[in-house]
Structure formats: structure tokens, C-alpha cells
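Two complexes, one shared chain (chain A), two partners (chain B, chain C).
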Partner chain A sequence: MTAGHAEVDAIDSEFEFELDHIAVEQAARRRRITAGVRRFGAYATLTLFVAIAVGPAIYLISPAFRDSVSLFAYPPEWVPSDPTLENYRFLFRNTEYVRWGINTLIYASGVTVVSLVTNTLAAYAFDRLRFPGRRVLFFVILATLMIPVAAVLAPTYLTVRTIGGWPLIGNYVDLDTFGGLILPAAVSPLGVFMMRQFIETLPDGLYEAAKLDGASDWRIFRKIVLPLLKPALVVLGIFVFMITWSSYLWPLVVATGDDHRVLTVGIQSLNGQFVTNWGVIGAASLLTIVPVTIVFLFFQRWFVQASMAGALKQ
Partner chain B sequence: MTPAPTSSAEPDPSESWAELTLSPLQYRRKARRYRLRTARPALGFLAPYLTIWCTFLAFPVAWGIWLSFNTGGILGPREFVGLDNWTRGWRDTELREAVRNTSVYMVIAITVVFGLAIFLASLLNKYRRGGTFFKLALYFPLLTPPILAAMMWFFMVHFDFGILNLVLRQMGQESINYLGENPNALLTIVAVEVWRGLGFWVLFFLAGIQAVPEELLSAAKIDGAKAFRRFRKITVPTLRPLLLFALVVAIIFNAQLFDSVQVLTDGGPALGTATVVWFIFKRMFAFQDTGLAFATSVGLLIVILLATLGSFWALGKRQALEA
Partner chain C sequence: MAEVILRQLTKQFGEITAVDKVSLKVADGEFLVLLGPSGCGKSTILRLISGLEDATSGEIVIGGELVNFTDPTERNVAMVFQNYALYPHMTVFKNVAFPLETAKLNRSAVKDAVERTAAILEISELLDRHPEQLSGGQRQRVALARAIVREPLVFLMDEPLSNLDAQLRLQTRLELMALHQRLGITTIYVTHDQVEAMTMGRRIAVMQSGRLQQVGAPVDVYQTPATTFVATFMGAPPMNLVAGDVQVENGGWQFATAGYTLEIDPSVMGIEASTLQESAGPATLGVRPEHFSLAPPAADGLPGVVQFLEPVGSDLFVAVGVADHLIQVRMPPDAAVSEGDNVRLTFDPAKSHIFGKNDRNLRAVFD
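Moving on, here comes the complex of A and B:
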């Protein structure tokens, strides 16, 4: 933008040649000062919002290493005077925190894998293969994109419960099973559209050549399309993983026992059973956010791209 | 696209002559059989997704619509009651309260978050130095699941030990009851949700603003248009389709407000933060009034679909006007 200023300044001064040099210089200086003040204001505002954005997480460090009683002390204790690991000891000994963490990993990776596989296959069929009813089917699936989880929560719950009563498959897909937890969470057609758009951009030539050589559709998909889709798969994968591991409502309803309970539901269950142990809640929250933040800092470019893709590629 | 070459690509001459003499009916039948044969590979690719989609999305939607005309179903026996659930829902004061809260929440939250996001995005667009740092830091809250975001905010707004009250007390002011009094509780929820969503919308609008052609802006500047006028006359019109799309996404997300409500207030005080999804959840799993839960779910579905269609219609009309 400074270049723009300079241009305008140059044009201005051309037209102001009648004024004496001192006046021109004064005007320029005044303009520079206002620009400086504005820039300072802008960065101050941005810094303020950054402080608000990360502040609560940074403050969390303090209660996570204090006992709950000292939280209520007045005047407030910002830096723990007597830091303790008691909250973490409680978390690992008296709650199923580790189990919840493992469950969350299984749940989120499961949904990610199922979504990636099924969505990519379907997207390939919709873009490259011809079959009767292709457009209609695609449109119907598109129409279900906007259906929110909450609006079908109850009937999906009943569906899973019903399937759970069936022989054989009921052992794998039921309330309180990973099948029942993962499969319904992987229904969103978002990935079908995202992957279809990526597949659309691949050059036709590749595909035609393989076809002429007599390769089957499956072989073309596996050997040619799939390797080219790697970046798209990473983006979609991160997006699905992030959405899934932070989801709460579905796992809350379907996985009620500790064997399949996930972190979000587990940590919320620490809140107010009898007397809420705030230090433990602080510790659990901190412990959960730190690894995600580290992963985020490593793969930040992918993350941002993924969340944008999720919104824009619809 | 050429049809897939099959192993019998070259039929012998007599057969092809015979094919020429097919009756229209026979021809149609053959053509259908050919289409089905070429469709077979597609079935393999579609089957995995379609199975999940039919079982856990299409079927539950249909079943939910059917169950909204019934009572029972989870514990007791199912019984067809016609429109009873719908009329009960219409008259239910708790549901009315929930709809009102959700609407108030949506209007405030979306206005605030869009306003702040566009403001911050235009700052980031103008002052590029340190942009990556600011973008990452603003994006950070999105990493925390809504449940944990709400938990973290307990340490900010709790009446006894929330740091906002501690600071107030140190300044000799009265503590504020952020969660236990009525307009406050909903506003606190708005604050938490805006806090979590802001970074996403900043990046979203930044991408949009950066797509505004630079030449237009500098041309307007040379013509003497002030910054606000440039923003209103050039940036806003270019952003409008994006804005409409953002509005749809925001409505769909925010109409489902539940997580932070359950953590921070559980609908209270006195239903002051009861939301539609909270209502569905309570009817379904706490009060076992499943009929009402299903009717409300279908109602929510209809509202969201209407909002989506409406805005797409508006968007399409606009594009038609511009073309």
C-alpha cells in the first residue's frame, strides 16, 4: 500500500507545483504522521485481538498447576505460588483420560479413513463413469449436504440401535461400539464434492491413454488418479479429522460407556458430577489442547487450506 | 467420452446386419442392457458410500419424518397420532423460548462475528507485515473443540474465580454474574462462540478481500474516493456473493448451537439459554417425549433447507441480473 501512497503523493505534488516547497513538505510530513498513527492503531488492534484469542488458553496454564481451593483465593494468584502436579495425577489415576484419548484417536481416524475411501470412490464414479441416473443421484446427494447433525440425531440414534439388534452385523454396529460411533459420523457428502472437483481438474489425456491400453476403471483409479489426488486427500483428511475429534453431540448420545467414550464427552463428564474439581478440568483441557497446537504449528499451511476448502468448495 | 471397449468390440457381419433389423422395442431393450453393462463398474465405486449414505442419512431422515407423526418408539410402543406432535410443539412455551433464544443468538453472533471479521480482514489486507503470525494466532481458538472452548471460558467468567470478576474486584467494582442472570448468560455464550469462530471468518473474508481487483481500488483513489466510500462502493459489492454464502454457512452452524450451552448453562437460568438443539436433546434423551423431539428435528431441517434455498435463489437471481 505504501507504493500506492507514493504514487498519489507524486501526482499530488505535480499539481501542487505552485505551492512553495515548505508547504509541500509540511503536507507530506503531516500525511506521513497520520499514516504512522494509523499503522500503530491497526497493529494495536490486531495485537489486542490476538491477546483475546490466545489469552484464555495461556491463562489455563495457571489453574492447571494449582489445587482447586487456591483458585478461589483472593487476591487472585496469577502465577501458582505452590505449583502441583496433583491434577494430572488425579486425571491419570481416577479418571479414564488415557482411554478417552485413545478412543478419540480411533474415532477420528476411523471417520477420516471411511470418509476418504468412500468419498473418493464415489467422486470418481460421479466424475468419470457414465451410468443411468447419474445426475439425479448426484443432485439428491448434494441436497443432503446442508442437513445438520443435530436435525437427524434422534432418528440416526434409533437406526444404530435397531441395527444393533440384528444378528452378526449387530456385533459391530451398535450403541457403544466403534462401528456405531464411526459409520454414521462419516456420512457427510462434503468430501464427495471436494474430491469430485479435484478429479475434474485432472487432464483427460492421462485417463484416455490408460483406457486405450485396456486398463480397467479400478486400475486407472488406483494407479493414475489416486497418486495425483494425494494433496487433496491430505487437505480433506485434516478437515474431517478436525471436525470429528471436536464433535460432541453424536459421541455423547451413542457412546455412553467408558469403553468408547471420547475426550470431549469425557472431559464434560468431569464437570459437575458432585463437586466440580476445577483444577482437574483445567489440567485436562490444557493437556488436550497442547498436542493439537503443536501439530497445528507444524502443518499450519495445510490446516488453513483445509478449513477454507471445507467452506469454499461446497 | 467414448464408451468402454469391450472384449466383443468387433461383432461378426451377420450379427450387425441382424441388429439393423431390430424392432424399436428390441432396440430399446438392447440399448438399456448396454447401458446397464457399462454402468456395472460405477456400481462398485458407488456402493460403499451409497450404503452408508442410505443407512445413516437418507433412511434416518425419512424415518424421522414418519416418527414425527407418532408417539413412543424408544421405550413405549409406537402409536400414530397424526399432527398431534406438531400442534403440541407449536404451543409448547419451552420450545417457543428455545426458538426465540436461538434466533436472538444467531442475529447477534453473526452480526458481531462478521463485522469484526471483515474489519480485521481489511486491516490484515492493508498491513501485511506480520500477517502470518496474526492469522495463525487468530485461527488458534478453532483448534479447541467447542466443549473445551466453553470449559476454558469457565476460568474467565465464573462468578467466584473467573479472572474477569477477579480483575473487577481488584478495581473495587462489583462482580458480574455472567452465567446466572438472564440477558448475561446468552451474551456470554455469544462471546464464547464469537471467540471461537472469529479466526475462521477473518481468513475467509481476507481471501475474499484479496480477490478484489487492486486496479479498481487505486483508480477510485486517484479519482478522490475516500477509504470508506471505496470500501462501500467497490469492496462490498465484490464481496456480496461471498457474503451471502458465508451467511448460509453461518446460519447452518449457529442454528445448531448446543455444546457451549450444555457446558456453561445447561439451558438456564430459567430457560434463558435454551436452544432448539438443546430442546431436542432434552426431549429425546431426558424426558422421553420422542414425538416432540422428532417434530422439532424435522422443523429445524425444514428451516435450514428453506434458508439455504432462499439464499441460493437470491444469489442466482443476482447473478442473472448482473449477466
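Moving on, here comes the complex of A and C:
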């Protein structure tokens, strides 16, 4: 025992208890071990979930750089021994991939722009304007969230086909047109609901001040509400863009010709009846993910900020 | 500039009556303070005048025009909100310019007006900043600038000083009064702070539970409160109230309470004999702390025992237990008094008040 220890013991005994140093050390060790086991458990669980979530996307990378013969080699090869760009060459030369890409960009951007305008306007009306049936109407819109997309597919198809028969508007909104692709997807109950939640967080004082400053509802929307909703618009915009970019069912039904076919439907059409070139499908899928990933990475900072802002306000 | 007239103004929110038949006339260029505790309906009156709320019944007249059905955008009233309500995404310049741009003034006229107003409120060097970069006092000035820039008929202020610290509040109070003197715009100012009301208002209107209790010059309201509510709401510490009875004894009127009887001389106390006749029965005597004096136990006055002393520097507040009341007496700081002393509280009946049924002051001025 060192002089220091003796001193501590002396103080301890003064308070009429003695520290059992061995017991203290044992308890500390037990705690370290338990914490270690817990942390290991947590990481193992998280790793499993990450593997499930991103595994398929990573698995896509390998076949996209291999020829179709080596794809079925045994034992399976994860990292291609002889990487090739042949699949991409095939994609660009022998398929309409570029056309599909442009179509998808027009479709996704169109839906994003139109839906931002309609959802925000609808949300503003539901939150700020007083009109008869406001609550009922909002409830009805929310209720449509519970109807599966597949259930309204046929009615929507018929509606678009009917509109296609009308003069003037029929030239723009019809089966196998961008108008027909975009319009039905342009208002989403979720978007209206989300924007309304954001608009609700703006203090009433702002509207009242603007009103007394002589501003009309439209001017308040344009000059006060819209600029303050920028972060929310970015979030909704990214959401809508990503969902539309990867949507499949509606484009499959409405855009049947090559002129308006989008990537998801196009890739599916690469499946042959008897032979499927998985390497080409892998390459096409990988290329398809790139733009959305870039969009997300570019706006990621805004995305997190906006979701936080919405959460923290009140 | 314009006069504002409220006639029997009432506002109900469901079952709750927030404003109850309020009639009030605010003269052209006047600075009127609406005073009352929170929830008394004073802010609702401002919102009714501005048009942010619709009246349930009654009339609002601004500048000779009935405005009940006029849109708030067209009433030409400006309001300064408690939390300023500045537009957070706009610079100070844009904030102040907003009402003018809304009115579609041309760019140079907007610029001139904003710069002129900024100079008055000494915010010229802040014009490029955003509200988040400003202190509370600066935000307050910007809010004022936005309100006065379009030269409104009426200026409504909803507790504009309540978010400022004590020292800044004092300074801004003086500046607001100077601004009013300079511009002469009819102003209705809402506050729950009686000191603010006393110092700022030419006239104050005291409210309770949606009803107007008393309107008058601050000194009059303080010295001659119409009700026990006004008596206790105005003044710190408030007017002392002692419960007792108004009764006739040997042909003369008296106010009697435990251990003390006050002979009422109607001419001295300004009360009509007929009023006394109607008010016989339970009543309340009211005397301000500064109108009491401490006298030896042998003197004629309310008997009591000194409970504790509160020296505040300029004054000495003495709390005296009288029956089951605790009476506050304001004394000079060097008064010779100590806790436990048996004393008599004397006062000048001319400066005391008797409140009868419905807690109303019996003085003839309120008949």
C-alpha cells in the first residue's frame, strides 16, 4: 500500500466506512463487459438491417460489369474478374434507353413542378381560407390515401381516355401523351397533408400583419407563405421526384408506345420471353439510380434541415 | 387621422362573451390606453377595430364611416403586434416597404417613404438586415416603422413593450409618446401594465371580463375609481378595502366595521343622501395606502397591529392587521414604527370611497 492509499483509507475510516477496492474494480469490469456486449449486439442488428436495405442495390453493381456468360459461372463471382462495359454499349446502341431516360426526366420533373404548385395551393386554402365544407373536403382528400393505387388504375385510365376525346385539351391529355402521364399523378393527398402541416407552423401574426398591410390572400401566399415554405418545398419536391422517377404501374398502363415509355417500363421490356440478359438489365438499373441519387445528395442538407425545422417548431 | 367610435360592441366566441357592449369614443389624434388583466377582452377590441375579427353585434365607426363590413385591408388601420410579426425572410427595408408595395406605389416613392420613416425611428443603418439579426428593441422599431410608413388613420398597439427588458421598456415608452406627439395619429394602446397606462395615456379605459369599467384621465381613474376592481387594479400596492355596513344611527349615516365607525358626511364624501338610502347594507370602504396615517392607540381610527415593514428606499410600506384585513400604509422611509405596535389608522374621509352594491363607488360623479 502506498502512502497515498493510506491517506485515502484514513479519510475513509474517518467517515466510518471502508472502500472495498476489489469489489469496486470488479463492478467496473462487469459494467465494461455488459456495455461491450450491448454495443456489439446493437451494431450486429444495425449491420443486418443495412445489409437487407442496401444489399440488393450493391448486388446490382456486379452483374452490370460482367458479360452474360460469366454471370452464371459456378462458384458465383462477386467481384468481376474481367470487368466489361459491353452491357452499357448494348444498352445505348440496341435499345431506346436514352429516349426512356429523357421521357422519365420529363415525366418526373413535370409531376414534381405541377404537384408542388397544386399541393401548396390546396394546402394553403385548407389551412387559411374559410369556406363551407372545408373540413369534410380535407377529410375526403386524406381518406383517398387509404385507397390502393391499383384500385383506381382503371377509372383513372378511363378518365384520361375520355379527356383525350375532348377538343383542345384532348391534344395534350390522352393515352400515350406526357399530359396523360403527368396529370393524374400531379396532386397527391400526402403532399397536400404535408404542406398543410408546414403552413400550420407559420405564426398567425404574419398573416394578420400582412392582411393589415393591405395584402390579398393571393399576395400573402406569394410574398409571405411561399418564401417561408422553401425548405418544405424542397422536401416535397425530392419526395415526389424520387417516387415518380421509380413509379411503374401508371406509366405501364398509360404510356404504351416507345415515344412516352419511361425507364422502369423500358427496363422491364428488356426481359425476353425466353432469354433475359441480366447484365444489360443490371446496367440499365444502375444507370437509372444515378440521377435520383445525385438529386438526393445535392439537396440532402436542405432535406434534413427542413424535416428538423418542421419537427422542432412548436 | 380619424376618430374611432365603438357603439355597444359585442364579440362572442361560442358561449364566451369576450367583449360585452362596449361603447367608447376615441377623439381624432388622441392616445387612449385600454387597460386590464389578461383575458379581459382588450386585445379582442383591437382585433375588432382592425377587422381581424368580426363583431357579433354593435358598430365600429372610423373617421365617420361604419366599417363593420369593410375588409381589414381597406380599413387603413395599422397594428403593432406583441411579437412584432416581422416577415422573417425579408430585410428591414422590404418589411417596411411591404405595405407600400402592396398599395402599388412606384419604386422611388417607396424608397423615399421607407428612408424617411427609417430616419424618424433611427433604423436607417439596419435597412439591409434581416429580423433575426436585430435585437428586441430594434425589431420593435421596425414594426413601428412598418405601421407608420403608410400613414394610417388609426394606430393600434397590442402590448408592444411587453417583450422588452425593463430599461428598454422605459426608454421606448418615452419614444412612443414623442412619436405620437410628432405624428398625431389616433392611437389605441393595449396594456395590462398600469404604470404604462398611467404614464402614456391621456385617457385610459379600464376593462374587466369584457366590460368597460371606467374611462377617464389617469389621475381621475386613480383617485376616484368607479369600482372596487379599478380601485385594486390601479396602484401598487392597491387601494385598501375594508368590508362593513352602511347604516343610519341617530339620524346620521355611518360606515361601521369591526371596532370602528366612520360618520359619513355626504357633502365631504361627495355622496348624495338618496344614494346612501339605496345603499344601506353591506358595503366596502376604500382608502389608498398614501392616504392613511398611523396614530397612537388613543386616537380615533381603525384599530390594528403592525404586522411587518417593507422598506423600498423611497417609501416604507407598513402592513397593519385590522380585524381580518391586512392594510398597506405608505409612510416616509424614516417613520418611527416597528412590528407589533398597536396603532390606529386615520384618514381624510374626503379622500376615501365607499363602494356599495355591485361594488360601485357611491360618489355622485358616477350617477
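In the analysis below, the second predicted complex is superposed on the first by the 252 of 314 C-alpha atoms of A that agree within 3 Å, B and C clash if a C-alpha of one lies under 4 Å from a C-alpha of the other, contacts with A are read in each partner's own complex, and residues count from 1 in each chain.
Convention: a contact is a pair of C-beta atoms (placed from the backbone, for glycine too) under 8 Å apart; a residue touches a chain by one contact, two chains touch by 3 or more.
Bear in mind the structure is a predicted one, so any value in this text is a computation, not a measurement.
In the superposition on chain A, A:V54 makes contact with chain B only, while chain C stays out of contact range. Shared-chain residue A:L228: touches chain C; no touch with chain B.
Once chain A of one complex is fitted onto chain A of the other, the partner contacts of A:P155 are limited to chain B, with no touch recorded for chain C. Of the two partner chains, chain B is the only one touched by A:V253; chain C is not. By the touch criterion stated above, A:T144 is placed in contact with chain B alone, chain C being left untouched. Shared-chain residue A:K211: touches chain B and chain C both. With both complexes placed on chain A, chain A has more residues touched by B than by the other of chain B and chain C.
On chain A, the surface patch touched by chain B in one complex and by chain C in the other comprises residues 211, 214, 216.
Partner chain A is touched in their complex by these residues of chain B: 1-5, 35-36, 38-39, 41-46, 48-50, 52-53, 55-61, 63-64, 67, 73-74, 116, 120, 123-124, 126-127, 130, 133-148, 151-156, 160-161, 163, 166, 169-170, 195, 198-200, 203-204, 207, 218, 221-222, 245-246, 249, 252, 255-256, 258-259, 262-263, 277, 280-281, 284-285, 290, 293-294, 297-298, 300-301, 304-305, 308. On the chain C side of its complex with chain A, the touching residues are 50-52, 72-74, 77-79, 81, 83-89, 98-99, 102-103, 146, 150.
Against chain C, the residues of chain A that register as touching in their complex are 203, 205-206, 208-216, 219, 223-224, 227-228.
The part of chain A that touches chain B in the complex is made up of residues 1, 4, 7-8, 11, 39, 42-43, 45-46, 49-50, 52-54, 56-57, 59-60, 63, 71-72, 74-76, 114, 117-119, 121-122, 124-125, 129-132, 134, 137, 141, 144, 146-160, 163, 183-184, 186-187, 189, 192, 211, 214, 216-218, 221, 242, 245-249, 253, 263-265, 267-268, 271, 278, 281-282, 285, 288-289, 292-293, 296-297, 300, 303-304, 307-308, 311-312, 314.
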